[in-house]
Structure formats: C-alpha cells, structure tokens
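For reference, chains read A, B, C, D and E in written order, and residue numbers begin at 1 within each chain.
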C-alpha cells in the first residue's frame, strides 16, 4: 500500500512557501517534468508584448500595453505654457549658440515633460487607493522622468511655440517654415503630461511603463499652434502634426533568484529570470535593468540599473547586453 | 504646495489648447441627432478577469457615439477581499464596503489631478449605496472589501460642457457604468449578492428637431440633444424589483408627477438592458 | 569655492546617535546618522531580519520623488552589507543629511529636481558605510563607490572621475559603480549614451578607484597609465585610514 | 515609532536637588549658555551652529517663482523646520511632533512675523514673478534648547546669504548666474534672537538659561523671549506650565537683552571674518578653481 | 598576556597565522567576529583584532555603537511598568523592554518582593538573551540565591557613558588593564560615594553629598569624551576638587 504523501495544489504551495515553490520548479525534476519557471517560461524568456495605440480620445497620444498579466495605459496630454508664466524664463541671447546640452537643459529647467505613474488602482492586492504614492511608484516615476530626458527622445524645438510677424504680404502660417522674411519670437512651449495608469500589475512595471511611454509619444500629435495677436493668446488650429520622437530605447529587466533564501550572498546556485512576474519579484533582491537602442543599427546602451546584490558582475552584465538586444527586436516589432 | 510625492509640472499654470474655431458658433458641428430608438442603449462591452491578481475584476466599454471627439465610457474595476479588518478597527457584524472611484488624468477634457475631487467622492458614495443593497453583507462579519473603479475614459463630449456647462449629465452615465462594472467584478470575486445590480440612465430631453417637445430617452448622450431638462440614474435589482440607489437631477414642474415616475421607469428599463449584458458576461465566465 | 581634492571624513560627529559620520568629497558634504538595532514599527517588522531604513534629506527644499529613488537604491545596497539576520524584527535607521552639493555657477538651478541624481550616490553611500562602521553595526563587508563620466573632448572621448556638475551636464554618459570590500560589484547605475566597450573601460577605472589597495590584481594597468584624466582617489585606502584613526582614538588606553 | 525615554525617578529627584543647591550637572551657572559656535559653509547662506552638544544647520536658498495670488507685491519667505529621525528616532517624517510645531511657530514669529526681512523687496514683476527665499533648518543633534540654537542659525544663514542679481530691461527680467554677476545680499531690517528660560520648583522659582536635554525633560515650564539688540521685543511665549512671578519674568527679559546683544555682536564679528576670508579668494579664484577642475 | 593586534574592517581576510590554535580546547570567538562555514573567520565590525593564545580566544576590540544584550552582563535598567508577575525594564532607549520577574530578587516572595514604581532604576544581570527573544533579567544569583549587589538603585544619579568605558570600569583591574583610575582617584581625595556600572553604558553614582555626585559624574563624562589617560585623569580630578572647594 502506497505511503500517503502530503501534497498541496500549486496555488497553495505557492502561497505557503513561495521560495521552495519556485526553486523546485527551476530544478529539473525528470524528463517528464522539465525545469522552468512557475509561470511556465524559461529563465531567459520574456512575456510577449501587445501594444495598442490611440484608443483615448481626450489624450493627444496614448497607448495600452499588455504583457502577460501586466496591463498599463499611458496617455500623453499637451498643454500650453506661455513664457510669461515661466518664472525663471530667460530668452537665449543671440551670441549663445544652441547645443544639444542647452536644448536638454531647456527641456528640463522648464519642466516640459511631466511623467507620473499611478499604481494605486487596485492593480494588485498591495496597491490600494487612498494612500499617497508608494516608494515604488515614486521611484518608477523618477526613472521614467530621467530616461525621458537622458535619452533625448523629445526635441525641445518640437515643443516651442512661435509668434511670427510677416515682413510683408499675407502668407499661410506654417509651423516649421523658416522663411527669412518673417521674424519670430518665442511665446510659449507645449508641456507634455505623460500619465501612466496600471490596470493590472504582474511584475516588471518599469519595462511595461517605459514601453507605454515610448509608444504613446510616438502616437502623439500636437495641434498646430500660433500666436493670435488679437486675443493675445496661443491658439490652435484643428490640424495637427505628429511629435518627432528620436530613437527607440527599450528597457529590459531581470531579477536574480538565489537558491538559499536566507543564505550568505554568493552561496548556492542562482538563476537570472528575465522579465520577472510578481511572485518572482517578491523572491528576488538583486535586479538589473538595461535600456538599449538599436534603431541606429549599432547597439547603444541608454541606461543601466543594477542593485540589491552581488551576483551580476562584469561578465554577466556584458552578456546581458545581448539579451537586451534580443528584447529590443521583439519590442520594436510589436511597435510596428 | 506642490505634491512632494509626485513629479509636478511647471510652477506657472499651463493652459489646455484653445482652438481658433472654438469661438464662432458656426463651426460647432453638432452631433447628428440621436439615431437609436429612444428606448435603446448604446452597444456595451463587458469583460471580467482583467486583473488576475485581484479577487475580482471587470472592464466595461460603451461604444463611442459616431463622431470623433466624443468618447465612449471606459471603466476598469477591481475588487479586493473579503479580507479581515485591521485589528484597530471596531467590530462590525457585516462586511464593510469601501468604494473608490478615480478618474485617470486623461479621462476627461480637462486634465484631472491625482488628488480625489468632490465629484469622485460623490460617485464613490453613490456606488457604495448602490452595491450595499445588493451584497449579502452579514455573510462576512468583521471583514471588509475594497471596490475600486478607475475611469479610463469618461463619457463626455469635448463640446458639450461649453454648450450646457454642466458635467452632471455625463456623471450620470459614468455612475451607471460604475455600478454595472462593479457588479460584474463582485460576481467575478464570488461575493454573494441577492441579485445582480446594474445601472441605467433616463433623461427628459428637448430637441428642436421635434419642435421643442420634451421626450424621454434612455442612455442619453448629451451632445445628441439640444437640451436636457432632467435625468435620473437608477441602480436596480431586476429579480427583486428593487432600486438600491436613485440619483435624480434637473428641473421639472413639481406637479408633473407622471413624468417623474415615467423617467424613473425608463431608468429601470435602461438598467434592465445593462443587466442583460451583465448576466450574459457573467454567464460566459462561470459557464 | 574649490571642492576638496581628497575625501575627508570625521566619525561619530553626532553625540546623540549610535553612530555617525561627516563625509565631504568633490564638493559634496553629507552627514549621516545611524541608530539601531532599535524597535521596528509593525509595518516594517521582518520576522527573520532587521529592516534597513534609509532617509535622504536634501540640503534645501523638501525631499521629492528623486530622494525616494535614492533611498531605494541605497537601501537595497546597504541591506547587502549589513548582517541583517543578526537582528530579527528590529530596525536599523540611517539618515543621510546633505549639507552641501557642488554648485554650478553657470546656471541658476531649481530647488526641486525630479531627475535621478547620480553624482550624489557615491557620497551618500560612503557616508552611510562610515556611519554604520561608527555605529559598530555588524557587517558582511564594507563598500566603496565611484562616479565616472564619459566626456567627449573634440571627438575623442575620455573618462573623468568625479566630474563637476558642468561636466555631468555635458557628459555623454555618467556611471556610478560600487564594490564591496570583496571586490564584488554591488551597484551599477548608468545613464546617457554608450557602448558595452565604453562601459567596460568605465568599469576598470571605477574598480581601480574603489578597490586599489585591496585588490591590485593588475587591473589593466597600462590602460590606467595612458589615460590622462585624473585617476581619482584610492577609496578603499581612505576608508581604512579613516577607521584606523577612529580605532586608535577609541582604544587610546590600550 | 519608538517613544522617547522618560527620565528616571532618581534623575528627576537628583537634578532638582542639585538645582536647589545651585548646582547644574555640567557645572554651569544658571544664566550661562553652553559654548556657542558658528561656522559658515563654502556657499552663501549656510550656517552651522553648535550649542554644547546641540547642533543645527540652516541652509538658505532662493528661486524665482510665481507670487501668491493674494499678495502680488510680496515675495515668498518660508522657514522649514522639519525634525528628522536624525534628531532622534522618536521623530518621524511627515508626522510633526509637539516639539517640531512649537519650534517652527516660535521661529516663524521671531524672524518672519517680526519683519526681519523686507519681503516686498523680493517682488520682481508684480503678480507675476518674485523671489521665493527659503531657509531649511536641519537639527543634526538635539541636546536641549533647540529654539535658541535654531533661531540663531536661521538669522545667521539669512544674513550670510546672497541671491542672484537681476535686472529689468524692456519688461524682460534677467536673472544672472553667479558667473555673470556677483550675487547680492537680502534687504535685512533687524536681527531678532530667541532666549529661552526653563523653570523649576513649585513656583517655578528656579530659572535656567539654555537648558540641556536632560534639564528640559524635567522642567515645569519655559518661556522664550525674542528680541533684537535694540531691546525691541518680537514675541514672548510662556506656553502653559507652572505660573511664574511677573517680576521674575521681567528679570528674565533684562538678562535676555544682554544675551541678545552678545549674540548680535558675535554674529556681526563672524560675518565680518567670513567676508574677509571670501575677499581673499573672491569670485575670480572660485572661477579659476572651477576651470582647472 | 600574549596578544597581537591589528586593525580589521568587516569582511577582511584574517591571516591564519594570527588565529590561535590549541591541541584540545577549541578556539573561542569573541565579539566582532563571525564564523562562516566551513572555515572562514570574518570580522563584522571595525576595530582591533586581539588574539589571546593563552585562552585560545580571538575577538575584536572596539568602542561605540548600541548596547546589545548578552547573557551575564551587568546592566542598569529603568522600570517602565509592572505586569502580573514581572517588571518591564528598559535597558536603552528605543529598544524593546527586558523582563524582570517579580521574584528574581534576593529572598523575594509574593509579599516581600520590592515594589518598583515606573521610572525606578535597577541593577541587574542578564539571564537570557538571544536575537529572537526580548532579554530577561535577574537581581539575584541563581546559584547562591544572594543579591550580590544587584537590586533597586535608590537615590543618586545616573550618567550615560560609552560602552567602551563601561567595559573598562567593569574590568577586574580597571586601572592596569583598562587605564581608568578616575574613580579611585576621586575616592583617594576623600570623596564618599558608591557606584554601579552597567554594561549598557550607564553609571549610577550615589552619595550623601549632591556636590560629590555631580563631580563624579563630570569626571567620568570628561574622561570618556576627551579620552583621558591616567595622568590626565589625575589632573582632571585635581582641577575638579579645586573647583568644589
């Protein structure tokens, strides 16, 4: 007669002792049940990503990202900031020539890009509303903000609003017509509010959020704006022009799972889990994110963030660049 | 004082785009008048289980009316619980509902802030009332459940607010949506209810087309009408024939009891329509 | 004012805290206090280990989102160093007060900044480690950190250790790395536009700054030599000598 | 959050006993301050003040912003005193304790409400642009008498501070960077200081100046008198506690005046020294240093 | 005694030659060290590595930090409240209370046990301490059943000192081994006072004469903060005595 063995259904096992649960699944048992993650993925396998754009009618650009059980919505909304209401505004003197650095500084100093991430939507049990943004939400917002500026995707030139006076003759106003005959004066900027809303959260929020931001920006169309001398205000015509977005930075994150839950660092085996889900994130301390952009043909790294452990060293990080490239291909395909 | 927990925009105020044609009435291309029959609701799409990690969840979408710039309704709702109340809270013989309704910043034509505003609180309390009547509360003493509705896109027309200068009509549609979607999410969470509650809106409208003679329509789209006299939003339990929440707004001659009753009746009709969608959706998930 | 060329630090500067340190280098001055192990609040209580709480306070203005980000980064790194399992259910509280940061005389900077503040991470981490040592909190290892910028000078790009705010502003990429005293890579944060090769060179420079005295395993010396940018200080040696002074002072009676 | 430890019974009894025998634990006389030290930072507007083991750092900053709607002709002047757990683990961020509230209120009244700074001079473009001057008070170490130390630090920091120079040409405001134009001082009207007395005994007949942390914990009452060197009183705060003889209070005020005069001259001296020090280096030195870095 | 010493930081490799070995008695690891299986010994704090070959013990000498209870330490605690059969006693601020059973006093019975009000001080020995439990105290020797100087501390004053100084004061030959003579010097000056030293960085000083207590307190604090050697301690004592007269 067979020994009665105590066995739990998977969800119970996962809840009771998540670490052994994941560990067991990662260690090859037998031919019949090959090693893999509890979500059925291979360690270096990311979730497929699904992008749907311009579904929001009140936003100037929007995207909905679905990857596994993570769903995030990004809406880009443009509003006009007259130079008069920029306290520290300072027109560029004629002699100062415009550099990439100066343009980026302009974008930053006048707060023309305003990203925020909302997690408190009940998108996961730990994110309930009625509380101020968690450290995670704030950290994510900061990372998105920095990458937005650091990657130089948006050119401040594209956000400037001009007042143009014709020297003579009426001619149809044209946004980027740089005729010599007209003199122009900077009257305002477009401010882009980039709001992210998590509908469902299943780990790896940054990658999803960033993809949403990029997709939404690529989808953004700004109204054609001009200075109306009678009204002393910036007015827009119905037609709009797409926002110029430079490059396609793609974020790729992974977490390091250690064999020993409370052991010495560096002791026992470890697994690098690409695109971790909620369960995995709670069990991993060391995380790495690499943002790459291969749109120019060669692979450029735009950001690295590695913390919380000592497993990922120089070699692993070098290798991870390859993984990130792969991810870039997948995402850029999904962007089409 | 800027919110130190969020990334704040420029200190000086930013202005939503002003359109040059906005001033002259001529260009205000009004919505083609209502095409659907007065007693029909718009196409509604409802789906449960959009947020797997929540106890229950649902997503509701009401089709856009024909013209661009008019958005349909897009709601997502998550339910968390029932879970035991924190040790600190007092004993409660029945389950404690806490409902939150929040507009996404991009949900309406004016960008919404992150802090909850009065409208959102109103919607929250209306929703709470509507659901409390449906849930079998004493089945979970000493426990609580959170019901969170995120309004991804409000039912709203870019033009209407200028024409009628009143968001209330939009809010009614939004509320009825919230009730329906929350009800679906509750069912998805397996929280026992006496009946499936659903929301419905009916309005007393006046159109030049039918020379200003008032008529009652259900599931109104403000921009499809010249004037909305009054409207009501009901949360209704079909099998028990009970109303758990009623929100009535507008001005009507006080002697005109009949129209009043009729309006509510039509609201119930609307709710029944919504209920059909609801039941079907739940049927799919369960069966 | 010219920024300090060599790192300077005083330990146990705050009489009331369990441990404290004042660290200044490259224009940054940070004072850090450590209290613990003390009673943790219920929400922070962990059954098997101490909760490490890091609070970063800017010199001017209220802390914003980016301070939260810095705290998250430091917390995850310091938790690796501290033997948290020695003190279950308790709290180790680290407060890092920025006293001054290098000022860029060529711009009027805003008070509240949302973007990551890379340049300050080494100063914060260094202060925290020193304060922890001063508080005699049991640790697995110590750590040292460095910041390196890749600046392109007319075409040719060169590595600059401890770049000035202007250099950071104009840099192609900025990198912060931290190593444990066992030469493991503890923290790596990079921003900008760079290649794997560039990062590799940055790694070498940072490693040299952080781990020199500990492990001069011929960290590609020749590369070091032909690099004209200043080699940066020897952080590990600095850490050791700082503690030497403290220990000698503490044990004056022996 | 862990609570602050109460002093032991032995401590209470002993300290009182000692005071009745005219003894303070650190051997000070009743009307003596602990050694007061002040150091200015490298940049403008930073004052590091130590009073015995109490240490307070005040940092001034200024930026151009939009004035309050109701005060279009005024600049913005704020003093932030947030006690962090660095002061003591008993303090938690975003949870103001009584200590914190009282401290900020006293300093607010003493410095801001007494019009020590001319806030109208901070207005740049009426209703549109103005300076927002902000002092952040960081309490690094709390061994009693925060108020006096913090107030001194705030005044010192503000008087040491220089804000960027500005100009208006053709309705266009230009804020110059330190590299372009040497920053300019704030328009300062008078320098108020706080002097805090602690009272002991049934009738609060024993009065101590500059009580240490352990002395503060067992006092039966306290009174903070804020005035400037000209003897103009900005505020007096005797918030509850054991009633004190009016005459005694007058005496306290007189002593306070002498203390304030000392503070005032001390600060002037320090500022002069610092000015001399900077003059040697001067901005050019700074810039060259900046360049060869 | 035979000791070599050098500076160690957390995680430093310890030169095996420094580690004392002995045929039979095993190596005893003192504070500031940890054993990482299989055979690594690593410092966990910054301090001076002290190897005692005679006792085959190895430890790190350091000062500072927060007191961490360990069994058989003598400590001074402050009663926070009394429960059914024990007192809750605080050993240092912001940490969980230690427990002191009502009956853990010399000859204590339900009737005769000392009544301690909140805020009262006790001189006690730590009877139980481990990382997973709050410490327990006793004011009576389990073996002899005698108080051995432990128990409530009445009157007098309590002063905070560094853990290092507390340790030195508790040394058998504090003058020779710990280089601390200030107390006996004061005694030699004819001051009448008694002291109790707590490992948790607290000294209790009792005397008929208030002045004396204040003076002893100041002497201790100055010695501690200024790090005075025996000679300087002598000078300090002279100075203070002069001031008093």
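Rule of thumb we're sticking to: contacts are C-beta pairs under 8 Å (C-beta built on N, C-alpha and C of every residue); 3 or more make two chains touch, one makes a residue touch a chain.
If you want to know which protein each chain is, UniProt gives these names: A = Ribosomal RNA-processing protein 43; B = 3' exoribonuclease family, domain 1-domain-containing protein; C = Exoribonuclease phosphorolytic domain-containing protein; D = Exosome complex component RRP45; E = Ribosomal RNA-processing protein 40.
Note that the structure is predicted; figures quoted are calculated from it, not measured.
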item	value
Any chain that touches chain E and chain B	C, D
Closest chain to global C-alpha mean, per-chain Cα centroids	C
Reference chain A; chain at largest CA-centroid distance	E
Remotest chain, chain D as reference, centres from CA atoms	B
Top-ranked pair of chains - ranking by C-beta pairs in contact	A-B
Averaged-CA centre spacing for the pair chain D and chain C, given as whole angstrom	31
Where chain A and chain C are represented by their mean Cα positions, the distance between them in whole Å	27
Whole-Å separation of chain centres (CA-atom averages), chain A against chain E	55
Residues within chain C bordering two or more other chains	35, 38-39, 62, 65, 68, 107-108, 110, 114, 140, 180, 182
Shared-contact residues (touching 2 or more other chains) in chain B	5-8, 11-12
Where chain D touches two or more other chains at once, by residue number	2, 63-66, 89, 175
Chains touching one another, given as label pairs in label order	A-B, A-C, A-D, B-C, B-D, C-D, C-E, D-E
Chain E-touching residues of chain D, taken from the complex the two chains share	2, 4-15, 17-18, 21, 23, 25-27, 89-90
Parts of chain C lying in touch with chain A, wherever the complex brings them together	48-49, 65-66, 68-69, 71-73, 76-77, 79-80, 85, 107-108, 110, 114-116, 140, 169-170, 175, 180, 182, 184-196, 199-200, 203
Sites on chain C touched by chain D in the complex	1-3, 14-17, 29, 31, 33, 35, 38-39, 41, 55, 57, 59-62, 93, 95, 97, 99-100, 103, 105-108, 110-111, 164, 166
Complex contacts: residues of chain E adjacent to chain D	78, 90, 93-95, 117-121, 153-158, 204, 210-211, 213-214, 217-218, 243
For the chain D and chain A complex, residues of the former touching the latter	63-66, 128-129, 172, 174-175
